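The structure that follows is given in the form of structure tokens.
Chain nomenclature is as follows: A, B, C and D, assigned in order of appearance, with residue numbering initiated at 1 for each chain independently.
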Amino acid sequence: MVKVKMPIILVNFKTYAEATGENALKLAEMAEKVSDETGVCVGVIPQYVDIAIIAGKVNIPVFAQHIDPIPYGSFTGHVLPESVKYAGAVGTLINHSERRLKLADIDAAITRAREVKLISVVCTNNTLVSASAAALKPEMIAVEPPELIGTGVPVSKARPEVVTGTVEAVKKINPSVTVLCGAGISSGDDVAAAIRLGTEGVLVASGIVKARDPYKVMLEFAEAILKVQR
Amino acid sequence: MVKVKMPIILVNFKTYAEATGENALKLAEMAEKVSDETGVCVGVIPQYVDIAIIAGKVNIPVFAQHIDPIPYGSFTGHVLPESVKYAGAVGTLINHSERRLKLADIDAAITRAREVKLISVVCTNNTLVSASAAALKPEMIAVEPPELIGTGVPVSKARPEVVTGTVEAVKKINPSVTVLCGAGISSGDDVAAAIRLGTEGVLVASGIVKARDPYKVMLEFAEAILKVQR
Amino acid sequence: MVKVKMPIILVNFKTYAEATGENALKLAEMAEKVSDETGVCVGVIPQYVDIAIIAGKVNIPVFAQHIDPIPYGSFTGHVLPESVKYAGAVGTLINHSERRLKLADIDAAITRAREVKLISVVCTNNTLVSASAAALKPEMIAVEPPELIGTGVPVSKARPEVVTGTVEAVKKINPSVTVLCGAGISSGDDVAAAIRLGTEGVLVASGIVKARDPYKVMLEFAEAILKVQR
Amino acid sequence: MVKVKMPIILVNFKTYAEATGENALKLAEMAEKVSDETGVCVGVIPQYVDIAIIAGKVNIPVFAQHIDPIPYGSFTGHVLPESVKYAGAVGTLINHSERRLKLADIDAAITRAREVKLISVVCTNNTLVSASAAALKPEMIAVEPPELIGTGVPVSKARPEVVTGTVEAVKKINPSVTVLCGAGISSGDDVAAAIRLGTEGVLVASGIVKARDPYKVMLEFAEAILKVQR
């Protein structure tokens, strides 16, 4: 099975044209290449319909963008955790800022993810909400101040206190939760800063997907991680 | 390309265990067999993650269970119409009773479906709402009284006035809209009754998916349609 | 009982500071003064908590900003139509662009409004959605292109075709529905233009509430209506 | 100003016919009588439109059933914290099981409540979610297993481990948060059990509102509290 190890670079494909259909597969293959060349774990988060094809062709972790906290049954149009797992995903985002969930549903989605052995990555918007999410015992928390998402202004430089505050608050409530950060991450420097602030990786979207050369940017990110680790 | 013709039997896979992953493909293959043997159009509506694999293997119409009224962009966890189309779907449900949408979003979803050449099937709960949906110019409307869904009590027998009322109200506002009905349909007789009431097909879920022998039930449905047409 | 007659000026208080608590009552009293002086019907749409006090003190129509399509029962935090009526409202907005509803819920809310004798004013965003709403048989439809709301660019001048198109589409489906328009209305001229395009009134918020002298603006609106009627 | 002190009996009026309009005021007056006679704090939670009238006539704490995490502005149909405060409420429920909120919105609603000096009572459905809510620093948490709400099967007897587990988990994360419990509470015994399990009060709805003699039931509840305290 595909291995997930820290630190990790998680690439959110959103519904970007550059990461849909054929492009999604190409991007996943670039991620795999970077992963192979550097040994740094790079995971991809494609749209639902692209999960099966991508997971079938690349040997890196594939995550879903969302799951619904539902069992088998009458839930037309919902995203069943079992289906996502069966398609080859190893984990899932929960509560991304573009797909916020009710508190009780985050709890239920984490439980369902655990039941089908999907890694749960709960997205949060600030330190307090990160602490709150930590109490629900997900495997990872990715803090992303919404106002920085897609701006190119990196959270790890513009709001370092959000990152360190989140690491501290989360670890205090539940030391086994892995903390990532995201929003505005677009250079190796931003990634290195994130790691130095105590996170174990980054969640990135436009910084990679909309780059002129996504392969080059992912490589820069991975090398920045290697350099920090040395 | 796969042809959609009326009358049609549309099979909603929901998130039933019997219609997830491997089972989804098997069920779609049975539907294809019935379609080949009888010449009656049978369409399948699998979960998002299963669309690509099913559409790649069977030669019958595949529909999505839902699309979001969004363009390419920052919409993590949403269902992009382009992706559904690219995966091989020819159409989509919109506003199923288990995935209701806001009025303005139904309008926008129908527009987006048209833009990417997906057939829009708007689900409605009564005659008045069907008339309302007809004004938005979808290609099909499937009326399903929610209280009968999954009961085995067929709308075409228990509430025939809902079906005839919907056909009349929809045609008055927009004669080019195709009307289907659903809820409780579980025998060939129920299907025949639906056609006689003026619909051009049925939307079925548990009646087929949870049947002991789904192939046999689909065959019975198709033969009932052939008999009514004679 | 308070009389609602056309043409009408409907003033949406939203949650503006200038229209909350004490300010809400003052604004309603100015509306009453304009109504008394000109004979033009001016209705106010305060926040829920302010309905009872305002309806108890002024002799003009008071509307709610929203109702939930619910009966008596276990609906904590919801807005019961009976309560709004009991507090003294004569009508209610339904589906305002800042409080969009699912299609089936708009249908149910109109039905509930009728049951408790509240006038239903369904807000819509374009011509097609207005036609769709008309099929649900509300008493009034207020079309407001969302992109113009709060801009000061009047729908009646910037998008006259939306207004005439809505009047035509609504009347074709249901001639007994009254059509209003809103968004960007801020002068007597804008109001006159709206009436000339075939509407029977306007729905206004910031143009009045945030004006330096709301009384003067309402007076200007009412006089513009009188002038057009002559 | 009205004083809130522990232990407290909080009576949720929901949208019950027995607690709407005139009935709401009568019920609040009974609560005041019980409070006066026993010295036990009894708070009422009427519908939005009834807050002002009730808070103006009784000298007991009045709570809102919900607030939206919004500031002054363009939020038609929403519940502005300032308005609720101005109408005389001293606090508000947040995230009741019939009005669940997204996690980030619970955080924002607690912050807004604090800003306008409303006591925040966050409702939760289990121990883990209670811990999660505690991290957001509300003033109170009311745990209510949804499956027991309205059943007459008291949480304090049927699921004591949920109550003690919640008290423990909440206090560990934030000792200054007051814990209440609710669901199925209908006798003085149930209330006494709740207090003995470590809560500082109960949240009740049908057990009081739908009782043949609500005054008598509230009196029984208050006396049970006095007896436990001795």
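Keep this in mind: a residue touches a chain if its C-beta (ideal position, glycine included) is under 8 Å from a C-beta of that chain, and two chains touch if they have at least 3 such contacts.
Keep in mind that what you see is a predicted model, and the values were worked out from it rather than measured.
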{"item": "Far-end chain from chain C, centres as C-alpha averages", "value": "A"}
{"item": "Chain centre separation (chain B, chain C; CA means) in Å", "value": "38"}
{"item": "Gap in Å, rounded to a whole number, between the CA centres of chain C and chain A", "value": "45"}
{"item": "Set of chain B residues in contact with two or more other chains", "value": "97"}
{"item": "Set of all touching chain pairs, with the criterion as stated earlier", "value": "A-B, A-D, B-C, C-D"}
{"item": "In the complex with chain A, residue positions of chain D that touch it", "value": "95, 97, 100-107, 124-126, 128-129, 131-137, 169, 173"}
{"item": "Of chain B, residues touching chain A in the complex", "value": "12, 14-17, 20-22, 45, 47-53, 65-66, 70, 72-80, 82-84, 86-87, 93, 96-99, 149-150, 205-206"}
